[in-house]
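Paired with chain B in one complex and with chain C in the other, chain A is shared by the two complexes that follow.
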Partner chain A sequence: MIGAAALALVVAIVLMLVRALSGPTLYDRVLAVNSIGTKIVLLLGVLGFLTGRPDFLDISLLYALINFVATIAVLKFFRYRSFQVPLLRRSRGRKS
Partner chain B sequence: MTGNEGAAEAIDLLNVGLLSILFIVAIAMARLRSLFAIVMLSGIYSLVSATWFVALDAVDVAFTEASVGAGISTALFLAAMVLTSRTAKPEKGATKIIPLLVVVVTGAVLVYATIDLPGFGDPSSPANTHVGIEYLARTKAEIGIPNVVTAVLASYRGFDTLGEVGVVFAAGLAVTLLLGFGERALGSSLSQGAGPAGQGSESSSEGGEVADD
Partner chain C sequence: MNELLAILLNVKPVIGAALCLTGGVLALIGTIGVLRFPDFYTRLHAASVTDTSALTIALIGMALMAPSWLIVFKLAAIWAFFFLTGPTSSHALANAAHTAGVEPLIGERARSRGRGSSS
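So, the complex of A and B:
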(Lines of atoms letter the chains of each structure in order from A and count residues from 1; the text may use other names and numbers.)
(Lines give C-alpha, C1' and ligand atoms only; values in the text may rest on other atoms or scores of the structure.)
Protein backbone atom coordinates (compact mmCIF):
# COMPACT_ATOMS: atom_id res chain seq x y z
CA MET A 1 0.00 0.00 0.00
CA ILE A 2 2.83 2.37 0.85
CA GLY A 3 4.50 1.33 -2.39
CA ALA A 4 1.39 2.37 -4.31
CA ALA A 5 1.54 5.76 -2.57
CA ALA A 6 5.17 6.16 -3.62
CA LEU A 7 4.36 5.34 -7.23
CA ALA A 8 1.43 7.76 -7.18
CA LEU A 9 3.82 10.44 -5.96
CA VAL A 10 6.16 9.67 -8.86
CA VAL A 11 3.22 10.08 -11.25
CA ALA A 12 2.41 13.42 -9.61
CA ILE A 13 6.04 14.50 -10.10
CA VAL A 14 5.76 13.60 -13.78
CA LEU A 15 2.60 15.72 -14.10
CA MET A 16 4.38 18.67 -12.51
CA LEU A 17 7.32 18.06 -14.81
CA VAL A 18 5.02 18.51 -17.81
CA ARG A 19 4.06 21.91 -16.45
CA ALA A 20 7.71 22.80 -15.84
CA LEU A 21 8.63 21.81 -19.39
CA SER A 22 5.77 23.51 -21.19
CA GLY A 23 5.01 26.34 -18.77
CA PRO A 24 4.30 29.44 -20.82
CA THR A 25 5.31 31.92 -18.13
CA LEU A 26 8.16 32.08 -15.68
CA TYR A 27 5.87 31.71 -12.68
CA ASP A 28 4.46 28.43 -13.99
CA ARG A 29 7.96 27.04 -13.90
CA VAL A 30 8.71 28.42 -10.43
CA LEU A 31 5.47 26.95 -9.13
CA ALA A 32 6.25 23.62 -10.80
CA VAL A 33 9.69 23.48 -9.17
CA ASN A 34 8.22 24.33 -5.77
CA SER A 35 5.50 21.74 -6.18
CA ILE A 36 7.98 19.08 -7.27
CA GLY A 37 9.98 19.89 -4.15
CA THR A 38 6.88 19.33 -2.03
CA LYS A 39 6.21 15.99 -3.77
CA ILE A 40 9.81 15.01 -3.13
CA VAL A 41 9.48 15.79 0.57
CA LEU A 42 6.44 13.52 0.68
CA LEU A 43 8.23 10.87 -1.37
CA LEU A 44 11.18 10.85 1.06
CA GLY A 45 8.81 10.37 3.98
CA VAL A 46 7.05 7.51 2.19
CA LEU A 47 10.41 6.03 1.22
CA GLY A 48 11.48 5.93 4.86
CA PHE A 49 8.43 3.87 5.80
CA LEU A 50 8.85 1.72 2.69
CA THR A 51 12.35 0.67 3.71
CA GLY A 52 11.35 0.30 7.36
CA ARG A 53 13.45 3.22 8.59
CA PRO A 54 11.36 6.29 9.39
CA ASP A 55 14.56 8.23 10.21
CA PHE A 56 14.26 9.60 6.68
CA LEU A 57 11.68 12.02 8.04
CA ASP A 58 14.54 14.24 9.24
CA ILE A 59 15.90 14.41 5.71
CA SER A 60 12.52 15.29 4.29
CA LEU A 61 12.20 18.09 6.86
CA LEU A 62 15.53 19.50 5.69
CA TYR A 63 14.40 19.25 2.07
CA ALA A 64 11.26 21.18 2.93
CA LEU A 65 13.40 23.98 4.38
CA ILE A 66 15.73 24.05 1.35
CA ASN A 67 12.76 24.06 -1.00
CA PHE A 68 11.13 26.99 0.76
CA VAL A 69 14.31 29.05 0.89
CA ALA A 70 15.14 28.31 -2.75
CA THR A 71 11.68 29.36 -3.95
CA ILE A 72 11.82 32.59 -1.95
CA ALA A 73 15.30 33.26 -3.34
CA VAL A 74 14.25 32.73 -6.95
CA LEU A 75 11.15 34.89 -6.65
CA LYS A 76 13.04 37.62 -4.81
CA PHE A 77 15.71 37.55 -7.45
CA PHE A 78 13.20 38.01 -10.22
CA ARG A 79 11.56 40.89 -8.42
CA TYR A 80 14.67 42.83 -7.45
CA ARG A 81 17.46 41.38 -9.65
CA SER A 82 19.57 41.04 -6.50
CA PHE A 83 19.84 39.08 -3.28
CA GLN A 84 20.92 42.11 -1.29
CA VAL A 85 17.51 43.71 -0.98
CA PRO A 86 15.62 43.19 2.28
CA LEU A 87 12.25 41.47 1.89
CA LEU A 88 10.55 44.29 3.75
CA ARG A 89 10.99 47.37 1.61
CA ARG A 90 12.72 50.07 3.61
CA SER A 91 14.16 51.98 0.68
CA ARG A 92 11.14 54.23 0.20
CA GLY A 93 12.35 56.86 2.63
CA ARG A 94 15.79 56.88 1.06
CA LYS A 95 14.53 57.72 -2.39
CA SER A 96 12.44 60.77 -1.59
CA MET B 1 16.50 -4.18 2.10
CA THR B 2 13.61 -5.54 4.11
CA GLY B 3 12.05 -8.95 4.17
CA ASN B 4 8.92 -7.61 2.54
CA GLU B 5 8.90 -8.61 -1.13
CA GLY B 6 6.31 -6.05 -2.16
CA ALA B 7 8.38 -3.22 -0.68
CA ALA B 8 11.47 -4.34 -2.60
CA GLU B 9 9.51 -4.42 -5.86
CA ALA B 10 8.06 -0.99 -5.16
CA ILE B 11 11.57 0.38 -4.54
CA ASP B 12 12.74 -1.09 -7.85
CA LEU B 13 9.83 0.54 -9.64
CA LEU B 14 10.57 3.78 -7.80
CA ASN B 15 14.19 3.71 -8.98
CA VAL B 16 13.06 3.18 -12.56
CA GLY B 17 10.56 6.03 -12.27
CA LEU B 18 13.10 8.44 -10.78
CA LEU B 19 15.70 7.58 -13.40
CA SER B 20 13.14 8.09 -16.18
CA ILE B 21 12.33 11.54 -14.76
CA LEU B 22 16.06 12.34 -14.69
CA PHE B 23 16.35 11.22 -18.32
CA ILE B 24 13.41 13.36 -19.46
CA VAL B 25 14.74 16.40 -17.59
CA ALA B 26 18.23 15.98 -19.04
CA ILE B 27 16.91 15.73 -22.61
CA ALA B 28 14.69 18.75 -22.08
CA MET B 29 17.60 20.76 -20.66
CA ALA B 30 19.66 19.98 -23.73
CA ARG B 31 16.87 21.00 -26.11
CA LEU B 32 15.38 24.09 -24.45
CA ARG B 33 16.69 27.54 -25.35
CA SER B 34 15.23 29.63 -22.54
CA LEU B 35 17.95 29.91 -19.91
CA PHE B 36 15.51 30.48 -17.06
CA ALA B 37 13.67 27.24 -17.88
CA ILE B 38 17.01 25.44 -17.95
CA VAL B 39 17.94 26.80 -14.51
CA MET B 40 14.60 25.68 -13.09
CA LEU B 41 14.99 22.25 -14.70
CA SER B 42 18.47 21.88 -13.22
CA GLY B 43 16.92 22.53 -9.80
CA ILE B 44 14.39 19.78 -10.50
CA TYR B 45 17.20 17.49 -11.67
CA SER B 46 19.11 18.04 -8.42
CA LEU B 47 16.06 17.39 -6.25
CA VAL B 48 15.10 14.20 -8.08
CA SER B 49 18.64 12.86 -8.14
CA ALA B 50 18.97 13.62 -4.41
CA THR B 51 15.84 11.55 -3.82
CA TRP B 52 17.35 8.78 -5.87
CA PHE B 53 20.51 8.93 -3.74
CA VAL B 54 18.35 8.53 -0.62
CA ALA B 55 16.69 5.52 -2.23
CA LEU B 56 20.19 4.09 -2.76
CA ASP B 57 21.09 4.74 0.93
CA ALA B 58 23.65 7.46 0.13
CA VAL B 59 22.13 9.95 2.55
CA ASP B 60 25.19 12.21 2.88
CA VAL B 61 25.54 12.57 -0.88
CA ALA B 62 21.84 13.34 -1.08
CA PHE B 63 22.19 16.09 1.53
CA THR B 64 25.01 17.69 -0.44
CA GLU B 65 23.18 17.37 -3.73
CA ALA B 66 19.99 18.92 -2.37
CA SER B 67 21.64 21.88 -0.66
CA VAL B 68 24.30 22.63 -3.30
CA GLY B 69 22.49 21.52 -6.43
CA ALA B 70 18.96 22.68 -5.75
CA GLY B 71 19.75 25.58 -3.45
CA ILE B 72 23.02 27.36 -4.05
CA SER B 73 23.73 26.60 -7.69
CA THR B 74 20.23 27.67 -8.74
CA ALA B 75 20.85 31.03 -7.10
CA LEU B 76 24.31 31.27 -8.70
CA PHE B 77 22.91 30.43 -12.15
CA LEU B 78 20.26 33.10 -11.75
CA ALA B 79 22.87 35.66 -10.71
CA ALA B 80 24.98 34.73 -13.73
CA MET B 81 21.94 34.91 -16.01
CA VAL B 82 21.35 38.53 -15.09
CA LEU B 83 24.80 39.35 -16.49
CA THR B 84 24.12 37.60 -19.83
CA SER B 85 21.18 37.22 -22.19
CA ARG B 86 18.01 35.27 -21.48
CA THR B 87 18.12 32.75 -24.32
CA ALA B 88 20.87 30.53 -25.68
CA LYS B 89 21.93 30.81 -29.29
CA PRO B 90 20.85 27.85 -31.43
CA GLU B 91 23.80 25.69 -32.44
CA LYS B 92 24.10 24.07 -35.83
CA GLY B 93 26.25 21.56 -37.67
CA ALA B 94 29.38 20.23 -35.97
CA THR B 95 28.69 21.95 -32.66
CA LYS B 96 25.59 19.75 -32.36
CA ILE B 97 27.17 16.45 -33.40
CA ILE B 98 30.49 16.50 -31.53
CA PRO B 99 29.10 16.85 -27.98
CA LEU B 100 26.61 14.05 -28.70
CA LEU B 101 29.47 11.85 -29.88
CA VAL B 102 31.55 12.64 -26.77
CA VAL B 103 28.60 11.91 -24.46
CA VAL B 104 27.76 8.62 -26.17
CA VAL B 105 31.38 7.41 -26.10
CA THR B 106 31.84 8.41 -22.43
CA GLY B 107 28.58 6.72 -21.49
CA ALA B 108 29.57 3.55 -23.32
CA VAL B 109 32.94 3.47 -21.50
CA LEU B 110 31.23 3.97 -18.13
CA VAL B 111 28.70 1.21 -18.82
CA TYR B 112 31.58 -1.04 -19.86
CA ALA B 113 33.35 -0.20 -16.59
CA THR B 114 30.31 -1.15 -14.49
CA ILE B 115 30.48 -4.75 -15.76
CA ASP B 116 33.47 -5.42 -13.52
CA LEU B 117 32.00 -3.78 -10.42
CA PRO B 118 30.84 -6.01 -7.54
CA GLY B 119 27.11 -6.23 -6.95
CA PHE B 120 25.19 -3.71 -4.83
CA GLY B 121 25.88 -4.57 -1.16
CA ASP B 122 28.06 -7.57 -2.05
CA PRO B 123 29.68 -8.77 1.22
CA SER B 124 32.78 -10.07 -0.61
CA SER B 125 33.52 -6.83 -2.47
CA PRO B 126 36.85 -5.10 -1.70
CA ALA B 127 35.11 -2.25 0.11
CA ASN B 128 33.53 -4.70 2.55
CA THR B 129 36.50 -6.98 3.17
CA HIS B 130 39.58 -4.90 4.00
CA VAL B 131 39.48 -1.61 5.87
CA GLY B 132 35.73 -1.14 5.84
CA ILE B 133 35.25 -3.79 8.51
CA GLU B 134 37.69 -1.95 10.79
CA TYR B 135 35.70 1.28 10.45
CA LEU B 136 32.41 -0.50 11.06
CA ALA B 137 33.77 -2.21 14.17
CA ARG B 138 35.55 0.73 15.75
CA THR B 139 33.32 3.72 14.94
CA LYS B 140 30.88 3.01 17.74
CA ALA B 141 33.62 2.86 20.38
CA GLU B 142 35.95 5.57 19.05
CA ILE B 143 33.58 8.20 17.69
CA GLY B 144 30.25 7.23 19.19
CA ILE B 145 27.86 8.28 16.41
CA PRO B 146 25.64 5.83 14.53
CA ASN B 147 26.43 6.96 10.95
CA VAL B 148 29.75 5.45 9.87
CA VAL B 149 30.04 7.57 6.74
CA THR B 150 29.75 10.75 8.79
CA ALA B 151 32.31 9.41 11.27
CA VAL B 152 34.79 8.70 8.47
CA LEU B 153 34.27 12.08 6.80
CA ALA B 154 34.26 14.26 9.88
CA SER B 155 36.64 12.47 12.21
CA TYR B 156 38.87 9.84 10.62
CA ARG B 157 39.47 12.04 7.59
CA GLY B 158 39.01 15.33 9.39
CA PHE B 159 42.02 17.07 7.87
CA ASP B 160 40.95 15.99 4.40
CA THR B 161 37.52 17.50 5.00
CA LEU B 162 39.13 20.66 6.38
CA GLY B 163 41.10 21.01 3.14
CA GLU B 164 37.91 20.54 1.15
CA VAL B 165 36.24 23.27 3.16
CA GLY B 166 39.14 25.56 2.24
CA VAL B 167 38.74 24.73 -1.44
CA VAL B 168 34.98 25.29 -1.37
CA PHE B 169 35.44 28.58 0.47
CA ALA B 170 37.95 29.80 -2.12
CA ALA B 171 35.62 28.79 -4.96
CA GLY B 172 32.68 30.52 -3.33
CA LEU B 173 34.72 33.65 -2.77
CA ALA B 174 35.83 33.70 -6.41
CA VAL B 175 32.27 33.24 -7.68
CA THR B 176 30.99 35.96 -5.37
CA LEU B 177 33.68 38.35 -6.59
CA LEU B 178 32.86 37.56 -10.22
CA LEU B 179 29.09 37.90 -9.90
CA GLY B 180 29.15 40.80 -7.48
CA PHE B 181 26.52 40.06 -4.86
CA GLY B 182 27.69 43.00 -2.81
CA GLU B 183 27.81 46.68 -3.61
CA ARG B 184 27.54 46.33 -7.37
CA ALA B 185 24.28 44.38 -7.26
CA LEU B 186 22.95 46.60 -4.51
CA GLY B 187 23.89 49.75 -6.36
CA SER B 188 22.30 48.71 -9.63
CA SER B 189 18.99 47.76 -8.07
CA LEU B 190 18.39 50.32 -5.38
CA SER B 191 20.15 53.61 -6.02
CA GLN B 192 19.52 54.02 -9.73
CA GLY B 193 19.99 57.77 -9.70
CA ALA B 194 22.88 58.04 -7.28
CA GLY B 195 24.78 54.97 -8.50
CA PRO B 196 28.31 55.14 -9.87
CA ALA B 197 28.60 56.39 -13.42
CA GLY B 198 30.22 53.20 -14.71
CA GLN B 199 26.99 51.20 -14.74
CA GLY B 200 25.77 49.91 -18.07
CA SER B 201 22.49 50.80 -19.67
CA GLU B 202 20.99 47.44 -18.76
CA SER B 203 21.43 47.91 -15.04
CA SER B 204 19.96 51.37 -15.12
CA SER B 205 16.90 50.08 -16.96
CA GLU B 206 16.55 47.43 -14.28
CA GLY B 207 16.73 50.14 -11.69
CA GLY B 208 13.82 51.84 -13.38
CA GLU B 209 11.88 48.60 -13.31
CA VAL B 210 12.38 48.26 -9.58
CA ALA B 211 11.40 51.83 -8.88
CA ASP B 212 7.94 51.69 -10.44
CA ASP B 213 5.91 50.52 -7.44
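So, the complex of A and C:
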Protein backbone atom coordinates (compact mmCIF):
# COMPACT_ATOMS: atom_id res chain seq x y z
CA MET A 1 0.00 0.00 0.00
CA ILE A 2 2.95 2.30 0.63
CA GLY A 3 4.19 1.41 -2.85
CA ALA A 4 0.87 2.54 -4.29
CA ALA A 5 1.24 5.83 -2.40
CA ALA A 6 4.73 6.30 -3.86
CA LEU A 7 3.41 5.49 -7.33
CA ALA A 8 0.59 8.05 -6.96
CA LEU A 9 3.13 10.66 -5.89
CA VAL A 10 5.38 9.90 -8.87
CA VAL A 11 2.44 10.21 -11.26
CA ALA A 12 1.47 13.49 -9.60
CA ILE A 13 5.03 14.80 -9.99
CA VAL A 14 5.08 13.88 -13.70
CA LEU A 15 1.73 15.57 -14.31
CA MET A 16 2.88 18.66 -12.43
CA LEU A 17 6.02 18.68 -14.57
CA VAL A 18 3.75 18.95 -17.60
CA ARG A 19 2.21 22.08 -16.07
CA ALA A 20 5.67 23.42 -15.23
CA LEU A 21 6.84 22.99 -18.82
CA SER A 22 3.67 24.28 -20.49
CA GLY A 23 2.56 26.96 -18.03
CA PRO A 24 1.31 30.04 -19.86
CA THR A 25 2.83 32.49 -17.38
CA LEU A 26 5.90 32.53 -15.18
CA TYR A 27 3.76 32.22 -12.04
CA ASP A 28 2.24 28.95 -13.21
CA ARG A 29 5.73 27.57 -13.55
CA VAL A 30 6.78 28.78 -10.11
CA LEU A 31 3.61 27.33 -8.62
CA ALA A 32 4.26 24.00 -10.33
CA VAL A 33 7.87 23.87 -9.13
CA ASN A 34 6.77 24.70 -5.58
CA SER A 35 4.14 21.98 -5.69
CA ILE A 36 6.66 19.50 -7.10
CA GLY A 37 8.87 20.32 -4.11
CA THR A 38 6.06 19.54 -1.68
CA LYS A 39 5.37 16.25 -3.43
CA ILE A 40 9.06 15.33 -3.43
CA VAL A 41 9.18 15.93 0.32
CA LEU A 42 6.29 13.48 0.70
CA LEU A 43 7.89 11.04 -1.75
CA LEU A 44 11.20 11.03 0.15
CA GLY A 45 9.40 10.20 3.39
CA VAL A 46 7.29 7.50 1.77
CA LEU A 47 10.34 5.95 0.06
CA GLY A 48 12.15 5.96 3.39
CA PHE A 49 9.33 4.01 4.98
CA LEU A 50 9.09 1.75 1.94
CA THR A 51 12.73 0.68 2.22
CA GLY A 52 12.60 0.52 6.01
CA ARG A 53 15.05 3.37 6.51
CA PRO A 54 13.17 6.43 7.81
CA ASP A 55 16.42 8.41 8.01
CA PHE A 56 15.43 9.88 4.66
CA LEU A 57 13.30 12.32 6.65
CA ASP A 58 16.38 14.48 7.28
CA ILE A 59 16.82 14.94 3.53
CA SER A 60 13.11 15.60 3.30
CA LEU A 61 13.27 18.38 5.88
CA LEU A 62 16.25 19.95 4.12
CA TYR A 63 14.40 19.78 0.81
CA ALA A 64 11.44 21.60 2.36
CA LEU A 65 13.70 24.42 3.60
CA ILE A 66 15.46 24.85 0.25
CA ASN A 67 12.17 24.68 -1.65
CA PHE A 68 10.68 27.60 0.29
CA VAL A 69 13.79 29.74 -0.08
CA ALA A 70 13.98 28.99 -3.81
CA THR A 71 10.35 30.00 -4.37
CA ILE A 72 10.76 33.30 -2.58
CA ALA A 73 14.08 33.97 -4.33
CA VAL A 74 12.67 33.33 -7.82
CA LEU A 75 9.65 35.53 -7.13
CA LYS A 76 11.87 38.31 -5.79
CA PHE A 77 14.20 38.11 -8.76
CA PHE A 78 11.44 38.34 -11.33
CA ARG A 79 9.79 41.21 -9.48
CA TYR A 80 12.88 43.40 -9.01
CA ARG A 81 15.17 41.83 -11.66
CA SER A 82 17.92 41.73 -9.04
CA PHE A 83 18.76 40.07 -5.77
CA GLN A 84 20.36 43.24 -4.37
CA VAL A 85 17.09 44.79 -3.25
CA PRO A 86 15.74 44.83 0.31
CA LEU A 87 12.46 42.95 0.61
CA LEU A 88 10.88 45.70 2.70
CA ARG A 89 8.08 47.83 1.39
CA ARG A 90 9.39 51.25 0.48
CA SER A 91 7.69 54.24 2.06
CA ARG A 92 6.74 56.53 -0.78
CA GLY A 93 7.92 60.06 -0.14
CA ARG A 94 7.35 59.70 3.54
CA LYS A 95 10.34 59.51 5.84
CA SER A 96 9.57 57.63 9.01
CA MET B 1 -7.40 -5.08 27.74
CA ASN B 2 -4.02 -6.51 26.75
CA GLU B 3 -5.53 -8.23 23.73
CA LEU B 4 -7.09 -4.96 22.64
CA LEU B 5 -3.68 -3.28 22.87
CA ALA B 6 -2.10 -6.09 20.82
CA ILE B 7 -4.77 -5.73 18.13
CA LEU B 8 -4.23 -1.98 18.10
CA LEU B 9 -0.47 -2.40 17.71
CA ASN B 10 -0.99 -4.84 14.85
CA VAL B 11 -3.43 -2.68 12.99
CA LYS B 12 -1.46 0.55 13.40
CA PRO B 13 0.93 0.11 10.40
CA VAL B 14 -2.00 -0.83 8.18
CA ILE B 15 -3.85 2.35 9.10
CA GLY B 16 -0.62 4.28 8.53
CA ALA B 17 -0.16 2.83 5.06
CA ALA B 18 -3.79 3.56 4.21
CA LEU B 19 -3.36 7.17 5.32
CA CYS B 20 -0.19 7.43 3.18
CA LEU B 21 -2.15 6.15 0.20
CA THR B 22 -4.90 8.68 0.93
CA GLY B 23 -2.30 11.44 0.94
CA GLY B 24 -0.89 10.25 -2.38
CA VAL B 25 -4.35 10.17 -3.95
CA LEU B 26 -5.05 13.68 -2.64
CA ALA B 27 -1.80 14.90 -4.19
CA LEU B 28 -2.88 13.34 -7.48
CA ILE B 29 -6.27 15.07 -7.25
CA GLY B 30 -4.63 18.43 -6.59
CA THR B 31 -2.33 17.90 -9.57
CA ILE B 32 -5.24 17.11 -11.86
CA GLY B 33 -6.88 20.31 -10.63
CA VAL B 34 -3.73 22.29 -11.46
CA LEU B 35 -3.66 20.75 -14.93
CA ARG B 36 -7.31 21.38 -15.75
CA PHE B 37 -8.26 24.68 -14.13
CA PRO B 38 -8.41 27.60 -16.56
CA ASP B 39 -6.78 30.36 -14.56
CA PHE B 40 -3.71 31.04 -12.44
CA TYR B 41 -5.67 31.85 -9.27
CA THR B 42 -7.87 28.78 -9.51
CA ARG B 43 -4.72 26.72 -10.09
CA LEU B 44 -3.27 28.19 -6.92
CA HIS B 45 -6.41 27.09 -5.10
CA ALA B 46 -6.07 23.56 -6.47
CA ALA B 47 -2.40 23.37 -5.57
CA SER B 48 -3.16 24.21 -1.95
CA VAL B 49 -4.86 20.81 -1.62
CA THR B 50 -1.40 19.25 -1.78
CA ASP B 51 0.08 21.70 0.70
CA THR B 52 -2.58 21.17 3.37
CA SER B 53 -4.61 17.96 3.21
CA ALA B 54 -2.24 15.61 1.39
CA LEU B 55 0.80 16.62 3.43
CA THR B 56 -1.01 16.41 6.79
CA ILE B 57 -2.69 13.08 6.09
CA ALA B 58 0.46 11.46 4.68
CA LEU B 59 2.58 12.72 7.59
CA ILE B 60 0.04 11.34 10.10
CA GLY B 61 0.20 8.02 8.26
CA MET B 62 3.99 7.98 8.39
CA ALA B 63 3.88 8.86 12.10
CA LEU B 64 1.66 5.82 12.69
CA MET B 65 4.29 3.65 10.97
CA ALA B 66 7.26 5.25 12.72
CA PRO B 67 9.52 2.95 14.74
CA SER B 68 10.72 5.54 17.25
CA TRP B 69 9.76 8.90 18.71
CA LEU B 70 12.62 10.67 16.95
CA ILE B 71 10.98 9.91 13.60
CA VAL B 72 7.69 11.28 14.90
CA PHE B 73 9.49 14.44 16.00
CA LYS B 74 11.03 14.86 12.54
CA LEU B 75 7.62 14.42 10.92
CA ALA B 76 6.17 17.00 13.28
CA ALA B 77 9.00 19.38 12.38
CA ILE B 78 8.27 18.95 8.66
CA TRP B 79 4.57 19.55 9.30
CA ALA B 80 5.21 22.67 11.37
CA PHE B 81 7.53 24.04 8.70
CA PHE B 82 4.94 23.54 5.98
CA PHE B 83 2.26 24.99 8.27
CA LEU B 84 4.32 28.19 8.36
CA THR B 85 5.68 28.39 4.82
CA GLY B 86 2.82 27.01 2.71
CA PRO B 87 0.53 30.01 3.18
CA THR B 88 3.53 32.32 2.92
CA SER B 89 4.61 31.05 -0.48
CA SER B 90 0.99 30.96 -1.71
CA HIS B 91 0.55 34.56 -0.65
CA ALA B 92 3.84 35.56 -2.26
CA LEU B 93 2.81 33.87 -5.53
CA ALA B 94 -0.63 35.48 -5.60
CA ASN B 95 0.78 38.86 -4.65
CA ALA B 96 3.50 38.71 -7.30
CA ALA B 97 1.03 37.63 -10.00
CA HIS B 98 -1.43 40.34 -9.01
CA THR B 99 1.30 42.99 -9.01
CA ALA B 100 2.52 41.85 -12.42
CA GLY B 101 -0.99 42.22 -13.82
CA VAL B 102 -2.16 38.62 -14.24
CA GLU B 103 -5.92 38.97 -14.59
CA PRO B 104 -8.34 36.46 -13.09
CA LEU B 105 -10.88 34.95 -15.46
CA ILE B 106 -14.21 36.43 -14.41
CA GLY B 107 -17.55 37.23 -15.99
CA GLU B 108 -18.40 36.54 -19.61
CA ARG B 109 -14.99 35.19 -20.58
CA ALA B 110 -14.99 32.56 -17.88
CA ARG B 111 -18.57 31.58 -18.73
CA SER B 112 -17.83 31.20 -22.43
CA ARG B 113 -14.75 29.14 -21.62
CA GLY B 114 -16.60 26.97 -19.13
CA ARG B 115 -19.29 26.14 -21.69
CA GLY B 116 -16.80 24.26 -23.85
CA SER B 117 -15.84 21.69 -21.23
CA SER B 118 -18.10 19.77 -18.88
CA SER B 119 -19.76 21.83 -16.18
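To be clear about the criterion, the second predicted complex is superposed on the first by the 89 of 96 C-alpha atoms of A that agree within 3 Å, B and C clash if a C-alpha of one lies under 4 Å from a C-alpha of the other, contacts with A are read in each partner's own complex, and residues count from 1 in each chain.
One rule holds for everything that comes next: contacts are C-beta pairs under 8 Å (C-beta built on N, C-alpha and C of every residue); 3 or more make two chains touch, one makes a residue touch a chain.
Worth saying up front: this structure is predicted, and the values here are computed from it rather than measured.
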Contacts of A:L42 with chain B and chain C, given as first, second, both or neither: second
Contacts of A:A32 with chain B and chain C, given as first, second, both or neither: both
A:L15 touches, of chain B and chain C: first, second, both or neither? second
First (chain B), second (chain C), both or neither touched by A:I2: both
Touching partner for A:F68 - first (chain B), second (chain C), both, neither: second
Touched partner set for A:I59, first chain B, second chain C, both or neither: first
Residues of chain A that lie at the interface with chain B and also at the interface with chain C: 2, 4, 6-7, 26, 30, 32, 78
Sites on chain A touched by chain B in the complex: 2-4, 6-7, 10, 13-14, 17, 20-21, 23, 26, 29-30, 32-33, 36-37, 40, 43-44, 47, 50-52, 56, 59, 62-63, 66-67, 69-70, 73-74, 77-78, 80-85, 91, 94-95
Residues of chain A touching chain C in the complex: 1-2, 4-9, 11-12, 15-16, 18-19, 25-28, 30-32, 34-35, 38-39, 41-42, 45-46, 49, 54, 57-58, 60-61, 64-65, 68, 71-72, 75, 78-79
Residue numbers on chain B that touch chain A, as the complex places them: 1-2, 4, 6-7, 9-11, 13-14, 17-18, 21, 24-25, 28, 32, 36-37, 40-41, 43-44, 47-48, 50-51, 54-55, 59, 62-63, 66-67, 70-71, 74-75, 78-79, 82, 181-182, 185-186, 188-191, 206, 209-211
Chain A-touching residues of chain C, taken from the complex the two chains share: 14, 17-18, 20-21, 23-25, 27-28, 30-32, 34-35, 40, 43-44, 47, 50-51, 54-55, 58-59, 62, 65-67, 71, 74-75, 77-78, 81-82, 85-86, 88-89, 92-93, 96-97, 99-100, 102
